[in-house]
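Chain IDs A, B, C, D and E follow the sequence of writing; residue 1 opens each chain.
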Amino acid sequence: MSVVVVATSASEWTALRVVDSLALVATATDRFLECAPVMLRDAVTGLLPDPWRWIANGLFAIVAIFAVFGLLFAFLTLAERKILGRVQNRPGPNRAPTPTFPFAKFLGKIRTYGLAQPFADGVKALTKEDIVPDGADKVLHFLAPVALLAFATLTLVVIPFGRNLVALQLDAAVLYFFAAGAATELAVFMAGWASRNKYSLLAAMRALAQLISYELPLLLSWVPVVMIAGSLSTVAIVEAQAGWKFGFIPHWHVLTPWGFAGFVIFMVAALAESNRSPFDLPEAESELIAGHLTEYSGFKYAFFFMAEYFGMCALSGMAVTLFLGGWRAPLPFLEFIPSYAWFGAKLLALILGFMWIRATFPRLRIDQLTRFSWKFLVPLALINLGNTVVWALMSGGSPALALARWPVCAAIIVVPFVWLGRAQSASYAPRTYRYAA
Amino acid sequence: MLGTGLIQGLAVTAKNLVGSFHDPERYTTVEYPEVKPKLPENYRNFPFLVSETAEDPMGTLRCVACQICEKECPPQCIYIVKSKDKKLDASGKAQLYPATFAIDTSVCMSCQICVEVCPFDAIKMDQEFEIATTDRFHGLLLNREQLAKPNSYYHQIHPTEAAAVDALLVAARKAAEEKAKAAAAAKAAAAAKADVARVSRPVNPAAANTNTGQETRATPATSAPQPPAAPSAEAPKPPPPAA
Amino acid sequence: MSLSPLQLCLLFSSALFCVGLVGALSRSNTILVLLGVELMLNAANLNFIAFWRFSPSPSPATGVMFVIFSIAVAAAEAAVGLALVIAIYRHQKNIRLQEANRLKG
Amino acid sequence: MILPLVIIALLTIAVAAIAMTLRNLIHSALLLIGSWAGIAAFYFWAGAEFAAFAQVLVYVGAVSMVVLFAVLLTRRSRADLEVAPDAIGRGLGAMLAGGAVLGVLFGAVFATRLDVAPTAAPTASVRAIGQQLMGAHAASLLVVGVILTVALLGAVVIASTDREGGKEDAR
Amino acid sequence: MGPHHPSTHGVFRMIVTLDGETIVKLKPVFGYLHRNHEKIGENTTYLASMPYTDRLDYLCSMTNNWAYALAVEKLAGQPVPERAEYVRVILAELTRLLNHTCLAGFLMQDLGCSGTPLMYAFREREKILDLFESLSGSRMMCNYQRFGGCRLDPTADWLAAAKQLTDGYGRFLDEFETLLTGNEIIMARTQGTGRLSPELAVNAGITGPMLRATGVNYDLRKVDAYGIYSRFDFRVPLGDHGDVYDRYMIRVLEMRESIKILQQAFAAIPAGPIIDPGAKLRGFRPKAGEAYGRIEGPKGEIGFYLISDGTPNPYRYRVRAPSFVNLTVLEDMCLGQTVADAVIILGSVDIVLGEVDR
């Protein structure tokens, strides 16, 4: 599993609130595997005098995130093509040979079942000639992928990967996450505008319409979680999901009616936000060739690709933190597996879900897409807010009340879902066909 | 309800994803260079000339340069030049042979009409499909030497069809011998009669039982007996118009 | 003349205010004027936070409250302002400030 | 402790100044968005994280979109973006006014003795802000809510009369 | 949208004038694949142009061959033995399965599925093509029918393999339908797009599934009852909206009918000669006169009009290609739709450029 060595470092500028990482280690269960990464980091930063320790922490975190998510990106592309292939009854890439050096001829013969594919893609992306359309303003053309990747990486900083493995412990972490997420629209606009051709500008406008209209459901879907957890900081939210009921049902938010509805809305909006599967309109091959990415080639295109995967990882990481109990083990006796392993497993499960959906569904048209968001997701998210309030109010009293709140909340969310669903699908219905004589 | 159709769709793709690992029917790729696909017996690619024996392919070509296939070929991609002299063919008759027999495989669309119309079963369809060449002109113009392949090779690629063709040939050759013997016997009898009736000299038009020139294997008018298993190689040849 | 951090912040915000002012005055394109005004607004917010930061009793975060409300209102103002710009543009096909002097229509 | 403040301040002012003088409209708009980010960094330094993220979310996320859309919709051809340098007189006049205002403000700042103890940054935790928002300022919160919706509807009505006008932001 | 736009099936160009997203005017431009098929037909013998008919609609060569053979048999009054008729029906229905599966795959590809339904469709198509290859020698260019019957007699195990395939085809269709027909996204995108009114369809001479999707009951297999179709009982599905979804559903239902026909044909195929003994292969000189043979191809009515003047070459050789005729109404269906829909509508018309340009 990907070992994430991420430093716990207080936000630099508020010196007062430096949380002493050593204190945290003591409270955590002292199994070696669990706090190996933190101890490793402390061993390194211990040598440095005080002001430099903070910088070392920061660097450690940055290096760790880029290393882990860079590799994850590489193998995710491979996993995507393998899964797509297997769904379509074909093997997927397995022909990439291992690099042969003059002295090691036999190296090329090893059948690498496709594992060398990401590196082959990387080399291909690097060596591809980098075309910049003459009309484009060079600065923006270059800046767009960099900005997109920067914002995507910024969002990764705040997700708690393990028991005390969070790069930046912020008070308003979730708000920070979506602030950085909202900035990606800027980069998409820059990309569309900089490549100076009609198609990519049209596609950039479409992409923006999509991003903006799906940002609202995204934001509204995590408000209930914050209301129940009582704090905006991701570490506190994971804390709120601790403990088990009746010994084996974990307190995860997803297992409550409003939590499940919020999770579904969050995932659908995340799909749209990262331009994947039913909503991948900007890169709709059949209409606009490659959307706002038409004019990019070579390494810059790989950057866009990487930013998309980083965005997908960040969004599904946040979904895991908010709804699936971050790095918590599902069952008490499974505690011995290190926490970041659990986080990794859940993250991969969600991303595989993304790919599975990509392999199955066709694309929505732009007007259906925005209508779906405004007429279906936003009202549903608002109703979900009301639902959480009811849940919270009823949770106070007697156990009977506690039991009663399950059906009530479930009803509150299911009835509008069905009613809105019917309104949404009014325009089409499964048809029966008559036969001639 | 809104999501049901979508969920069913997901279930189908999941079934395929899982299926592709254990169910051969759901994993159809054959990794070509390592694993060669098995070709059906009737598969046809470009034609080749059948020669009786393997040792001297050029000498024992069945083709008698009758140029029927050259006329019938839709894209006209066969080019034949008749030889001046004659040589004995398998059944001992003196036959012409093609001095040059070239097929331009860049034009040929392997439609197999030449095989149908050839009365001597001299040209058959090959199964060799890895014939990429770098040279566009000369590489694709196959001359006589490149086209000739032994009958044994023909048996190897089209077993049932070849067996049927050989059966027909052997039958035809036997029929030819009997006719030759009958003709010899008739000649002998005629000679004897001639001596006896030298004086009366009746002129009886010799039934043209042996056509000179093209020795055609007049297959019986009714269609070739249907070999139960083997597909009949050619449609029965109508006796060509009297030479 | 040791400058206390608060004074530094004030210098920073006033400098920003002046840049916004210059921008608003010097450019003829309506959108840039609006952006200049927006910049001036942000400079004001800056002062609030600065004073809250160095105020003796930071507990009731009034400064921060003020900033949040002002951001919200400024966003609404920007939206309406730019809508006006588009309306003007449709009217007179270019958005040079000087020519927007006809009140008719 | 002062160093980060100085860096942020200089950076933001520089970016804002360049934004104001640039010829290409799109570049200046983008640089201005950069300066907003600088201001958000200042909030972050000052400890008001909530304000910083609000600023980023509202300005860098949404208002920038509105600005860029407005810039795009109000041009006929690419040439419109190269805004011709306006009359020098106008520029000079603006510079003079700005300089005067700057002088006055700097004088005021230097004159007052604001001896403030370099106390540690007060932490405005989100919970505290929440309580105050809902507590003392609940009424104003609702008013702001109303303003936003009214502004939103107004903007949409103004912009899209006959032709499909500016795409107003959802905020 | 240029000649090699990724979504047109082959070299086909649409000049589309847009107002924002909706289409105001659409002018199809084709002819990029014109190979002078009909002039060649006049310069070669009847037999020689048989392999060329494979290249007309390269997806279903068996039905092209049959249409041409039917026309020539009508011209020359050539009787066809019983077994050949059965083999021809079996091959035509197999081609219909093949073509409709391909169409469903391409349509889903235009809709945006990243290849999954297309791969399932091709997996089934490969099985049918393998059958054709083991029978006629080549997967797509079969050149299998002759005037008065077929070239080779299908062996018993070929018939068994084909029967086993048709029995398994029902299962594939069910899986395909659960994946696609109930899918809300597909229903939302295709229902109501590219609507074709029955009157316009009839006036424009549209034939095949497109016509039946608008509700007009016209299927040559019932109208002409050529060959021995009168012996099989099968139903003709009719749609009533005439939009893209109907055309897709009509084709899926037709596939189910074809399976029924195939099963009946396999049960009743007699032994006997595969080609009429009197059939002449070379030196085929039909008496002077003209004939028009047509069959219900997967894309519509494919017909051959021949005038012979007693010489081995036809005097006039004309092909009535269904794709070409169905394409004429493309503009009427696309008006008012968005660009994304134009691509789907083109996909649902199911054109093959080889047939359109000839």
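We take it that contacts are C-beta pairs under 8 Å (C-beta built on N, C-alpha and C of every residue); 3 or more make two chains touch, one makes a residue touch a chain.
What you are looking at is a predicted structure, and each value in this text was computed from that prediction instead of being measured.
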{"item": "Chain-contact steps, minimal, separating chain C from chain B", "value": "3"}
{"item": "Chain D reached from chain B - shortest hop count over touching chains", "value": "2"}
{"item": "Per Cα centroids, the chain farthest from chain D", "value": "B"}
{"item": "Centroid-based (C-alpha) most distant chain relative to chain A", "value": "B"}
{"item": "Top chain pair, ranked by how many C-beta pairs fall in contact", "value": "C-D"}
{"item": "Whole-Å gap separating chain D and chain E, where each centre is the average of the chain's CA atoms", "value": "64"}
{"item": "Where chain C and chain D are represented by their mean Cα positions, the distance between them in whole Å", "value": "6"}
{"item": "Averaged-CA centre spacing for the pair chain D and chain A, given as whole angstrom", "value": "29"}
{"item": "Distance from the mean Cα position of chain E to that of chain C, given in whole angstrom", "value": "68"}
{"item": "Contacts with 2+ other chains: residues of chain E", "value": "116, 120, 123, 179, 181-185, 187"}
{"item": "Set of chain C residues in contact with two or more other chains", "value": "none"}
{"item": "Set of chain A residues in contact with two or more other chains", "value": "87-90, 359-361, 425"}
{"item": "Pairwise chain contacts, counting only pairs that touch as defined", "value": "A-B, A-D, A-E, B-E, C-D"}
{"item": "Chain B residues touching chain E - in the complex, by the definition given at the top", "value": "2-6, 8-9, 11-13, 15-16, 28, 40-44, 68, 72-74, 109-113, 116-117, 125, 222-223, 226, 229, 231-232, 235-238, 240-241"}
{"item": "Contact set on chain E toward chain B in their complex", "value": "44-45, 47-52, 116, 120, 123, 126, 130, 133-138, 141, 143, 146, 151-153, 155, 175, 178-185, 187, 273, 275, 277, 279-283"}
{"item": "Residue numbers on chain A that touch chain B, as the complex places them", "value": "83, 86-91, 356-357, 359-361, 376, 417-418, 421, 424-425"}
{"item": "Chain B residues touching chain A - in the complex, by the definition given at the top", "value": "1-3, 6, 9-10, 12-14, 16-17, 19-21, 26-29, 31"}
{"item": "Of all residues in chain A, those that touch chain E in their complex", "value": "84, 87-90, 278, 280, 284-287, 289, 358-368, 425, 427-431, 433-437"}
